[in-house]
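Okay, so chain A shows up in both of these, paired with chain B first and chain C after.
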Partner chain A sequence: MNRNQTHRSRRWILKSLHLLGLFLIMAVICIPGLWIVLNSFRPTVEIMAKPPVWTPTFTLDHYRAMFGGAGEGGVPVFQYFRNSLIVSVASTVIAILIGMGGGYAFARYRFRFKNGYFVGLMLFRAVPGVALSLPLFIVFALVGLIDTHIGLILVYVAMNVPFTIWLTDGFFRQIPKEFHEAAEIDGCTRWQAFWKVEFPVARSGVAAAAIFAFLTSWNEFALASQLTRSVGSKTMPVGLLDFTAEFTINWGGMCALAVLMILPALILTFLVQKHLIAGLTFGGVKG
Partner chain B sequence: MTEVTLNRVVKRYGKHEAVHGVDLKIHDGEFLVLVGPSGCGKSTTLRMIAGLEDISDGEISIGNRIVNELPPRERNISMVFQNYALYPHMTVCENLGFTLRIAKQPEAEIEKAVKKAAGILGLDGLLERKPSELSGGERQRVAMGRAIVRRPDVFLFDEPLSNLDAKLRTQMRVEIKKLHHRVGNTIIYVTHDQVEAMTLADRIVLMRDGHIVQVGTPMELFNNPVNTFSATFIGSPPMNLIDGVVTDVGTIILRNSLTVPIPAVARKQVVSGQQVQFGFRADNLMPIGHAVEEPGELANLELPVSLTEPLGTETLLFAELAGQEVQAKMLNPRPVQPGETIAFHLVLNKCHVFDAGNGKALRD
Partner chain C sequence: MAKHLRVFRHSPEHRKKGTMRRRLPEWFVLLLPAFIIMAAVVLIPLVFSLYSSFTPYKLTRPSTLWRWIGTANYEKILTDVKFWAAFGRTILFLTIALNLELLFGLLIALMVNKVTLGQRTIRTILMFPMMFSPILVGFQFKFIFNDNIGLANNALQALGISDAAMPWLVDGKLAMFSIIFAEVWMSTSVFAVLILAGLFAIPRDPLEAAKVDGCTAWQTFRHITLPFLMPFIFIAMTIRSLDVARAYDIVQIMTGGGPAGRTELIWTLMSRTGYVDARMGLANAMGYVSILLSIAFTVYFFKKLSAARSELGFGDKI
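And then the complex of A and B:
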């Protein structure tokens, strides 16, 4: 009886510690995001107040100002949003097409220097993107790609392809080769067998890869800040800089724009989360 | 007429040769089984016929066409895979109709063909299900249905029953045989299970290490194995083999201890002093009074029994002959105590003699 009780209380303590640990980790992850959302609805005075104001006042001033005219602290939100969308969607689609082709080739075919190529691709990912910004800037300046959508799309495709290859390679490896063989015997060409059988089966994995590629492009700041100049090509992360002036930073406005930036990504991730989890566990088994 | 002909077919992977010049003619409507241990090249041979593997050398023709350069879809074949390879994102109905849909047949035609195949295989109630919602046996039937719908010249089966449990395997074996009677197409079937080979085949092709060891009807392989490999691979339990030396008085001394007369068929093929292996099946070593008495030469043996395996209508006895364990069959079994010595009849005209060096059968 007594032993039973100590056992039960010990289990209770362990469970509490477990939950507390989870809470702390989630807090570290979530509080900055929460802080941004909350601050976007507070007057600047309150954000900067020392000591902090614990009972917040709710205001939509920052959003009003952001969407307002240029003189009143407004920024071309819709332009930035459009740029981000064009660049992210285009680079994701291209990166997925190329990456999926590459991943499929690595999973299904034998060719010379296969491992070398694969390691090479992974090594490219080890190079910090910012280190490439100067050479990229010079090259792009020479060919006139600075401040264009295409330039940014190219950079993001290059950034995303290795990761997409790595991810989709894992997914295609999981699919028994008999699927395409059966399809080929059933009358498909190799190409049809891929699109009608293997691609639908790997859908989850491809969706997961697409989300990662999209988020990378959507959130990228360092290179975009170098390669874009004008309203015509600046993406949202770069647009955040509009809120910094020589002596002041408009934190409230910046937070409001950040919220607008987070929302689409959040919605998209939410929509495909089922695929995302299925895709990640599916591919994750790879040895 | 759909004959399949293999003419010195070779498969090489880099420098390694997996199939060494296989010659084979498969007749129209024949049920041919390729059997052998894993790595013997049987699956590779099948996949070359299917077009899933390149042919390194030689020629394969289906009907009157040489198909070496044709992709699988142009060979008009169907294949049932070991893991069934049902398309997981399609329903049973879509799986069955896939091949016709690819061929752009009219919907009405597809529906008719799917219904017919479903009827043959008893899949009517399952058409709207996904493969993941089916049992192993049902998946197997869908895979066969998919093969039928295509109305191929040749059916190829690649170990289709290996993933089923023993009971279901026996059932599906019967269904496959019935299917063959019904559609009458040429079937090439790969298995490593000699029981499947024996029960299904019109003709068996026994392979080892990329070579064909023996081709023949199941009974030919069972009764007249060309070498010790064939003798031990076909039939269950495997043939008993005992080392022996031929004497000059028409006998064989087994392991320096027991003398048996040379079986009549081998008498002209052996020379005095030759090292041989003496072989006989458990069916031909039977306790006196518990055997089907066969006419012909019998040898009397008294052997101690060390172990028994009752199987119902018969009991397998593990007896010691010339210091080696051999298996015998007891019909109408009675209880046998381990250690008991039993009098056996060995049916000599059903015994085999093999060359001890190369394992070849010595027979007229």
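And then the complex of A and C:
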């Protein structure tokens, strides 16, 4: 009886520890983000108040200022949003097309130095953005690609192609060769066999690669901050810096832009969440 | 066996030899766009920067690009105390951050795996930090760790834990803690999500056999669960090591390498040398050191990944 009781109380303690741990983890993950969202709705006076005000008042001032365009201290948010969207979507689509071709080549063909090519591509991806930005800045200045959408798109395509190749390679390799052979016997061309038989099976991998490519381009800062100059090509991560002056930071405005920046990434990720995890693990582990 | 032969005879590379001898091989055509774009955007600039790291190139004086000074830049940084301090700090930063991320990621995955109610919601929340831009993470924690109006200090004072304002980003040691905190916050979820996926994929039989044989929870974890999770851990590590330099964005925003160089990492030092002092040649020499560092991390984890993969038999079976 006594032993039973200690056993039960030990289980109870373990269970509550488990819940407490989970709660703490969720709090640490959520609070910083929620704090940003909350502060985007608070007036600047309240954000700067000392001693702090714990009961928030609600205002849309920061959003009004942000969307009001280039007024007093206004940041051309729409332009930045447009630039980010153009650059991210274009570079994701191109990177997926190029990367899928590469992944298919690695999965289906045998050729010399295959591993060498593969590792080489991955190593190019590992080059730190800051280190690349120094020479890239000079080269782009020579060919006139500084401050253009095309320049940034090229850079992001190059960043995303190796990772796409890695993920799609793993997926294509799992599809038995008999699949496309059967399709070809039934009268499909090689191209049709790819689109109708092999591509649908590898869809999760492609979706995961696309999400990763989009997030990388959408969030990239080190290269964008050097390769963009004007409102015509600055992306949102670079635009965040507009809220900082020499000694002060417009926290409220920055929080509002931050919310605008996270929303598309959030929506997109939730839409393809399932594919994301499946794509990463299958592409990587079994590839 | 017969099935095998048939597959081989029909395989694309085999057929191609007969009919399209003179055309480029298909694999090459498929890979060509990737090679072209990598060469144009990464290789050419890298060759240029390798050359310029042997010159005293300054942005303000373009003519300096044509003066060859040999390895003087490398000698200069290799004898520079500041550079070595930044280099050592970068290694320390990465070691602490990656280990903490792995540890927390494993812990979180094991805890979430035990949850029965609302697991999907928790998993979704876990992925939250993955969507944040590193620069946004930097700003967010610069705001939270602000010594005057930040949430951290306000909460500490309101709870009566500390009276004075903690100088989170002003004191050297606390600043290092703050940037590691931000880095860990941002990247732990990659580990947690991937390890969780590994936990879902664990076969039930060995676990039950261990239970029947009377293994303790620790023994089961150490000898069955952990070896199975290793490939997943190395994938997360490989993905992370591909962009360890993301930490640049965070540090640049939060402290800019300060106070007095106490959080200076190799990347912030390089960008200051290149863009603020305009000494491109010297900065490119540092760039090469940082590239070697990243490559070392990537190669190391890639090797571990393929070793773990073949150990579990994933490598060639599928």
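By definition in this document, the second predicted complex is superposed on the first by the 261 of 287 C-alpha atoms of A that agree within 3 Å, B and C clash if a C-alpha of one lies under 4 Å from a C-alpha of the other, contacts with A are read in each partner's own complex, and residues count from 1 in each chain.
By definition in this document, a residue touches a chain if its C-beta (ideal position, glycine included) is under 8 Å from a C-beta of that chain, and two chains touch if they have at least 3 such contacts.
Quantities reported herein were computed from a predicted structural model and do not represent experimental measurements.
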- Go through the superposed model and pick first if A:Thr189 touches only chain B, second if only chain C, both, or neither. first
- Have a look at where A:Val197 lands relative to chain B and chain C in the superposition and call it first, second, both or neither. first
- Thinking of the overlay built on chain A, is A:Glu181 touched by chain B (first), by chain C (second), by both, or by neither? both
- Task: Please determine whether it is chain B or chain C that touches the greater number of chain A residues.
- Result: C
- Note on the structure: Going through chain A, the residues touched by chain B and also by chain C turn out to be 178, 181
- For the chain B and chain A complex, residues of the former touching the latter: 50-52, 71-73, 77-79, 81-83, 85, 87-89, 98-99, 102-103, 146, 150
- Query: Contact residues on chain C for chain A in the complex?
  - Reply: 7, 10-13, 25-28, 30-31, 33-34, 37-38, 40-46, 48-49, 52, 107-108, 111-112, 114-115, 122, 124-136, 139-144, 148-149, 151, 154, 157-158, 185, 189, 193-194, 197-198, 201, 231-232, 235, 238-239, 241-246, 248-249, 267, 270-271, 274-275, 280, 283-284, 286-288, 290-291, 294-295, 297-299, 302, 305, 309, 314, 318
- Message: Can you tell me which positions in chain A touch chain C when the two form their complex?
- Response: 18, 21-22, 25-26, 28-33, 35-36, 39, 47-52, 54, 97-99, 101-102, 104-106, 108-111, 117, 119, 121-136, 138-139, 154-155, 157-158, 161-163, 165, 173-174, 177-178, 181, 190, 215, 218-222, 226, 237, 240, 249, 251, 254-255, 258, 261-262, 265-266, 269-270, 273, 276-278, 280-281, 284-286
- Note on the structure: Per the touch rule, the chain A residues reaching chain B in their complex are 176, 178-179, 181-189, 192, 196-197, 200-201, 203
